[in-house]
Amino acid sequence: MQNNGWDNFEIGAMLRSFDGAVSDIATTLQEDRPYSKSNSFTASVADWRIEKPIFNKDYCIDCQFCWIYCPDISIISRDKKMVGVDYDHCKGCGICVEVCPTNPKSLLMFAEQEDEDKALAGWPEKEKKEN
Amino acid sequence: MSEMKKIKNLKEFSTSADRFEGANLLCPGCAHSIIVREVLNATNDDLILSASTGCLEVCTAVYPYTSWDASWIHIGFENGSTAVAGAEAMYKALKRKGRLKQPDREPKFVSFAGDGASYDIGFQWISGCFERGHNIMHVVLDNEVYANTGGQRSSSTPIGGSTTTSPAGRVSYGEKQHKKDMLAIMAAHGAPYVAQVAPNKWKDMVKKIQHGFSVEGPVFINAMSACTTEWKFLPEDTIAVSDLATDSLVFPLYEIIDGRKLNITYRPKNVIPVKDYLGAQGRFKHLFKPENKHVLDEWQARVDRDWEYLQRREEAGV
Amino acid sequence: MADKQELREVEVWDGNMAASQAMRQVQIDVVAAYPITPSTPIVENYGNFLANGYVDGEFIMVESEHAAMSGCIGASAAGGRVATATSSQGFALMVETLYQASGMRLPIILNVVNRALAAPLNVNGDHSDMYLGRDSGWIQFDAYNPQNAYDLNFIAFRVAEDHEIRLPAMVHQDGFLTSHTAQGVKTLDDDTAYSFVGDFKPMNDMLDLDHPVTHGVQTEEDWHFEHKARQHHDLMTKVFPRIEAAFDAFEKLTGRRYNIVETYNTEGADAVVVCMGTSVETAVEVSNELRGEGKKVGVIGIRVLRPWPHAQIAEALKGIKAIGALDRSSPNGTFGMLYNELAGTVVNGGENKVLTNYVYGLGGRDLTKVHLREIYAELLANAEAGKPTTPLQQLIGVRGPQISFH
């Protein structure tokens, strides 16, 4: 796409969201959508991150706070259950960790290069409230 | 009119299929995104959207990518509202003439614009749309500054805010003018519904958006958008700062029906001091210098006074 | 369903009514408009048609001309037939949106009733608003009389909405001189007029809910040039053939022949004036008289200002020795637009031509037959001498000492 010349795109710099027709977008999940190559869904901002959130389903209560407060639609939730993080679209802002209400949190930030299994194995203990 | 999407709780809400995509160019932690998601997910109806020039537009439609899964138009800085009003007029015309491609579907028309585009340069355009009674919803992404161009003051910038064109310095404490009361102005247009919302109070926002979609005529929504870059706080604290804003009553959540009946929709269990909200942001840091104490005091007094006024309006029911 | 009107074969209409009637007949879906002298009657007439059931589209009376074009852009991107009208200050106010409309390739029709730009404030006819929009990327037609104003609207809709073109188009006419002067206009009946333009065929329409589209993106240094190059390319190569085809079809239908460049008495001429608007007809009358006196003079009228008809003008100017570029706009420190664009066309043509500039008629000041006789006399002297015998630029018809430059 980057090397397309002036004669090789739609006029008016118009962009299409999908390839072909989608008759009920609001009830079609991302994985079922025929995204066009112009849709930013097909791009990645993984290289923005220096930290990433890692999800620990052992503590998650599926409250969906992370889902709603993620600016980047990077918390994947299906059938009211937290599934994981979309690392193509996560910018590492850390909001999901801040809003997670469990103790210990079900999402924590780690260095970008951190190994997921290692992180899960070393998950912090439940924080005791100070008297 | 199609049935309103049922959203009993957050778990139910989480089954929404977002029509706004990631890998856009918004800052990590940007509240605009959270607001847009809540607005778009509040309905399953088709959407025709517009955005005025600003962070949202500039970060979600840079060739060759678009982050929008609904038809969307950007024309310029002033005229996002008029763009969607023109589209709404075309919808009415084609409906009357029997030329709609999907005649059984009634799209919702929503324009997104920053406070700069809405309160300042685009004010006339919004006023015109509201006076003419178009069936549109205008959502202001209010980060109290011209964020996209590096943080210049707008008429939404509150007193004491340090911006690049009203910077705090040796002889100035930053912005000297009061924040424009856009909700009162838009209510005075007789709009069926105007409301202030904040993304941290998702249930309040979604309820108001759904109500907005259910009424005939123009709807004005002022959405508080805590800006990590310009308000100067860490990206992870966007919701926390939004909580401070709503709980200190700096951003009271209320609605005005038919330009007259005011309802407060959120009463914090514990009202926190305004200075806790101000202290969480770098743009107000200078107000904590001893010589600026009077500005802090004025802030608390004004927020108290405004809250009192809102309560009186609500009681009076006019 | 809109009611039809029974028109007489010849109606007595001023330019504003002629344009309004054309707008009625093509059955526009959305008109977003704002009144400004002297185009106000177009908006008023349209409102009148609506109130009496002759149009069934939407008519948005917006709060400014910028909002008018903004609303038109939103409506056009939504997917339907869109048009509006304005003049002068209103045109200037919407200039930003003109560039946006053409960049987004939306087929909007704009009737511009040409009026002077302030300051000082003036409501009368000159071409300063037309000249302001030169580079906006719109196709631009020029009407010399109410008949043209009527006919060119049909041409404009047909060409602009063509999927190979998809560019907005302006139809210019002189403020007051054409807009408020009634003449006999040969009409088309409603059905014939509508079928010449045809049904609106949507393209990239936002209201096609199954195919969401994004209009009005941002392009930076990595993409902007390609998009502007594409727009320029389409203006330079695709528009004239479509206009020619439309002119041919229109001639077949009505017998009225339009040309991208109109030529009168140019056969074997030594000198011609090049001009636009009502001046063309005045010049034609004078050149007829002078031809009767044995003087070989002619007139070139620009019918399509944009794209600039370089090849057609070069062809029309073959063998012409002296050219007078008549500009009806204050050039404010340089030569008039027509002078500059004609110079651009002839400079590499190989033939030696003398080109001089006359600035006239500002703010509605009349261009008279006496003026034109003087102009032609000077041009013939230039032709004879093979070089300018007058200053390169003269302002004519203005009180005070002679004002000329270079």
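Things worth noting here:
To keep things simple, chains are lettered A, B and C as they appear, and every chain counts its residues starting from 1.
Please note the rule applied: contacts are C-beta pairs under 8 Å (C-beta built on N, C-alpha and C of every residue); 3 or more make two chains touch, one makes a residue touch a chain.
Computed from a predicted structure; not experimentally measured.
The central chain here, found by comparing per-chain C-alpha centres with the mean of all protein C-alpha atoms, is B. Interface comparison, A-C versus A-B: the pair with the greater number of contacting C-beta pairs is A-B.
Inter-chain centre distance (chain B to chain C, centres taken as mean C-alpha positions): 43 Å.
We define each chain's centre as the mean of its Cα atoms; on that basis chain A and chain C are separated by 53 Å. Averaged C-alpha coordinates give centres for chain A and chain B that are 24 Å from one another. Residues of chain C in contact with two or more other chains: 104, 210, 212-215, 217, 219, 223, 227. Multi-chain contact residues of chain B, defined as those touching 2 or more other chains: 46, 61, 63-64, 66, 68-70.
Shared interface positions of chain A, defined as residues touching 2 or more other chains, are 2, 9, 13, 15, 17-18, 25, 38. Only residues 2, 4-7, 9-18, 20-23, 25, 38 of chain A touch chain C when the two sit together in their complex. Residues of chain C touching chain A in their complex: 103-106, 166, 204, 210-215, 217, 219, 222-223, 225-227, 229-231, 233-234. Those residues of chain B that touch chain A in the shared complex are 10-24, 26, 28-34, 37-38, 43-46, 60-61, 63-70, 199-200, 202, 228, 234-240. For chain A in complex with chain B, the residues that touch the partner chain are 1-2, 9, 13, 15, 17-18, 25-30, 33, 37-45, 48, 62-65, 67-74, 77, 79-80, 86, 88-95, 97-99, 109. Residues of chain C touching chain B in their complex: 29-30, 32, 56-58, 60-64, 66-67, 70-80, 82, 96-97, 100, 104, 202, 205-210, 212-220, 223, 227.
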